[in-house]
């Protein structure tokens, strides 16, 4: 690690290299760790099964991750503010059904997707209002809305289900189609991801999300519109869960009252593996997206390696713990390097 | 009866089971009216069980009794299902028809119900025989297992690698079918067919999806898949129809016509089979009423008339078979709606 | 009631008959205050007098229950800190309010970063501006370093930089110097004078009276939430000011008793924590008060932490009263008779959401026990005892400590540790944020403890305090002990020389 | 008096009162609720949640969480089934299962305390891992033939009373837990750790050791719950108790335990557990569908946090008005900010 003496550098030209981009580098290092784990995993699998990275194989990998990436992106926004949204699975389920119902009745796909997103926004707003105006713990509230939305979904959907037969062929084809190995859905998710990341990094609103997660009281004193920001984070999270619902419909062509139940744990896992801290204020959507990719890929890698599905769950869990541990050790290393580097000279 | 100062499995074998049915059947007893029959499926909101229970409801109404349905919202919430058995017991229904999430877990509660004079019929998924009066089986496990292999064999000309995509590893009925499939495959006419793997998709669309992908990647020469679960076959079909394997890898198993219509029409699937769930529910309902009326008690060899469905005879352990499953293909699928 | 304004310009900011209550506590009662451009105005008062509350009212954090805030003579209502900021008021709060995960540059400019096209943040400009600010304050903090892990002093400096970056018309500073050493304070005052000369109005709070006299022109005194006086400092003596604040005459500030040191109670040998401090050896004898001086970041706190066992040491040993301490185990250090009053009272000294009673009780969990169960009566009387001894100002002993004023919180920390009846007491900045009256009490207490045979190691950035209280002064510079100066030789010059690394006296 | 007012709005008291009200109302107005059998079912089905809620409360008070509890219970049940099938004596098996629970808890605890990982993340990982190991250990088996003496103890009740046998040991455990949390120095230090970990460490509290102990005890209790579950439902399967962690968390949250740590009472948590259990029982008896029950649970949760907040605000407003009118020094109402 290079040591710079900031005091010596002329004010106008602070060097870009060296330690000046330290904060960013810490983030990037965490993402890098996950990326390396992911690449190693893929390489090992490819070595064991040459069919793995066929065009179809790559497409499947990307498709599997797509929906989780979207929801994890939204979740990251909320987690950065030191909150959490456990209701995303329920929101995904109910939006998927709403979109499906519209299409079943001969509706327009664009309208259906909009409907799903609007429904997501609605529930996001509900969560956001409860958390920001009610100032009550997000964990409890969103566990509550998880149950409420799921309950409403079950009552509304009953035993009905939407199957591929009810959907316009074009919609379903879009769900599995793509530009050679890159599915359309993955492109949409990628666009959302990049836009969100750019906003978080380069816009005041994005930075304020980090600030208020890092120290809510200080954020208030700094005049940041705390409630508005939290509300916005939840709304976007809900909207993305809604969009993910529409994509789920396109992808699986099948929705019933159980769709998306239990999904919150998967999403939270992805976010955690991606290095987004639940204490707020740190982490990035790229990390969360990588976490999502890693998690879903494990489920493809193990069958492709011929690992009996009996083992999948255990290996999944162990990998999850390993990923978090590795990330933590990297972070500790960085922190101690940081401390040594900062021994001040008066 | 202790070995090494402890109670082991050996000791328990000697304890022996208790016969559930008591009393004597009177085949000519009048069918009672004004009974309450409770249906307790594995999961409410599940289309399959909804069809079955609607069949049951129709029959119960016809017989002049009251129908009610309760159940958990998750098919793995065994504790929830136990509470519902208790609830039905507390509400003093006359008979209940239960599709058991677990063969053992419901036993204590069901025995308690029978002690309180409630007749217990299981349908779709059985419990241990001593915990119920009768079991209405959707088709004999043997028939299902063997016919699925036969269906697939015809589609792949009796040669090539095949795999099975099942539900949960613990699903009792699936496991029995798979055992019969393996047994059927021992026949010489299948000597060119090889079962390479049994995968489990846990009756979850996404997992079944990914398990299908895994099967195809791991076994590039795979010719066919049997999925004896409605969720599994649907997910596998959806994956195949959007992949390069469409039409090349054959898929069969248990599915509902409504789920599978698209895939049969777009050529992903040639043929699959299933019993009619509504008929299953109806038979369960009629069995329950027959038990409550004293026409049968659950002993082997007893017979009763199930309305328009005709006469049924109780087999060993009080098992009643619904009959052979129906095979659906492009030719007949449009005649069914469930 | 208000002191008539004696000079030309009208007040930029004024408070008229402000009252504010928290539940049943009346923190402010009909307080008035006028701030003029081009003057530094002091706000004085004991701990809990209501100074911080007054400031938070000015800053729009609290809404007054009654009374008016006047900006340029016009009544205004601030709905939040953002409103006050937009009106040109910059505030340094008593407790640092940083975002630990964000860089120093972002901390300073949060919410008003320089923009590029399309409202994107100009990171480069942000960083450059931060570097310039640091230069102005004469410190070298890396703008890209995250705020997490900054020492209290560095945090305070970032807060100051943040407030300066506003170029505000009104600058309000709530004890900005509490954690700073002499040279940094001098630097800060230079900047403040420059701002004043450019026409800014400054409101300054400090419990170091000499600072008030050095930089302020007028002073407003509060006592128990009530306005006492607003008057020019010229012609006043420290004693006059103290009388206004406490309503009576003050005893001596440094009542050091002469004690003949006994045997060694704390012995530290070749203590090292890599990258932090190296090869630190010293003894403290029973009855002795040893001062540990140094510039901010010299590593004094780190030494104290390692001695107490909060951090593991890489090498060396610590002996308390003949017992060698286990590495990294505060519980064994406590059992051996060691106590550490940490420098960060909010994070380290107190559990903010717990009651006064239980906070003090926390160090006595091993003793206020009967048959394995908590003896609540014993716990309460132990806590009450010490809260009264240290004259903590509270409504009920069962109130949470976060309702106390800063100084009273500090007293609770002291009470908590004195209640363990330690043989060796390490105090890290024991009087930071404590008013003069209490400060004298704390000093008397330390002196009395020493006379009673306790060995005291006192870390302080308040040099007069060190000089006034210590029998011996140890000086640290960049992680090493650079000098040991007996009381007779210790002067500002000798200590500062060693602290800045010039050859020790 | 604001003093009594603050006490009255303490949420755990409210939950306790609510439980009493629900019980009283149900006794008088709901058919089938008040009889001994139903009550024993209600208690028996709620016991697993209550058993885990006890250590979970302690853990949450100290600022951590364990989501792997249900999987640990599942693993312990699976091991029990597997060993039983191999002919080991049940008296040996149960200690082995408990030891496995201790190991599971230790692993969680070591990961959290030694590596400093967030417990939420770690236990989401071990939630999958332990369940996966359970699946590997027992596979698709469902073991049901445990000795009847044990089954009867786990499922039976004392004579014709409403008290299940297992309720008595539970009360003993509860008493121990209440004393440990609310009357010992250990409990006091848990609150301190939860509310301010660094300050607790500076006060000489051995935070890491204490957390390690808690995780271990949680593992032990989860394993005990797993054993109880397998015997109570007479079924050892790898997926026993799936999803129980959410029920535990919901009940504990309802009981007013703050997941930021440092707040709450065990009484509140247990009241929360039994309130949810009783409500579900009553709703089932009243034929409220499972779906609607989910909504009710959710609404209760939201109210459990909104309610106290509104009450606090009202209390603070009143105290403020009082202070404004009467200048006499008065005890403080809770602080409205920070």
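Just so it is clear, A, B, C and D label the chains in written order, and each chain counts residues from 1 on its own.
By our rule, a residue touches a chain if its C-beta (ideal position, glycine included) is under 8 Å from a C-beta of that chain, and two chains touch if they have at least 3 such contacts.
Quantities reported herein were computed from a predicted structural model and do not represent experimental measurements.
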Comparison of B-D and A-B by number of C-beta pairs in contact, larger one: B-D
Chain at maximum distance from subunit A, centres defined as averaged CA atoms: C
Euclidean distance of C-alpha centroids - subunit B vs subunit D, Å: 36
Euclidean distance of C-alpha centroids - subunit A vs subunit B, Å: 38
For subunit B paired with subunit C, centre-to-centre distance based on mean C-alpha positions, whole Å: 73
Computed distance of Cα centres, subunit C from subunit A, in Å: 42
Sequence positions of subunit A contacting 2 or more other chains: 154, 217, 310
Shared-contact residues (touching 2 or more other chains) in subunit B: 44-45, 73-74, 169
Per-residue overlap in subunit C, given as positions that touch at least 2 other chains: none
Interchain contacts (touch definition) - all pairs: A-B, A-C, A-D, B-D, C-D
In the complex with subunit D, residue positions of subunit A that touch it: 130, 134-137, 139-141, 143-152, 154-155, 217, 262, 265, 268-269, 272-273, 277-279, 310-318, 320-321, 324-325, 328-329, 332
Complex contacts: residues of subunit C adjacent to subunit D: 21-26, 65, 310, 329-331, 333-334, 340, 342, 347-354, 358, 361-363, 365-366, 369, 372-374, 395-396, 399-400, 402-403, 416
Residue ranges of subunit D touching subunit A (in the complex, touch as defined): 111, 115-118, 120-122, 124-133, 135-136, 139, 243, 246, 249-250, 253, 258-260, 289-302, 304-306, 309, 338
Interface residues, subunit C side, partner subunit A - complex: 59, 61, 80-83, 85-86, 91, 93, 97-103, 106, 110-111, 113, 115, 119-121, 124, 127-128, 131-132, 134-135, 140-146, 149, 154, 183, 275-276, 295-298, 478-479, 500
Interface residues, subunit A side, partner subunit B - complex: 49, 51-52, 54, 56-57, 60, 64, 154, 157-161, 163-165, 172-173, 175-177, 252-254, 256-259, 261, 296, 299-300, 302-306, 309-310
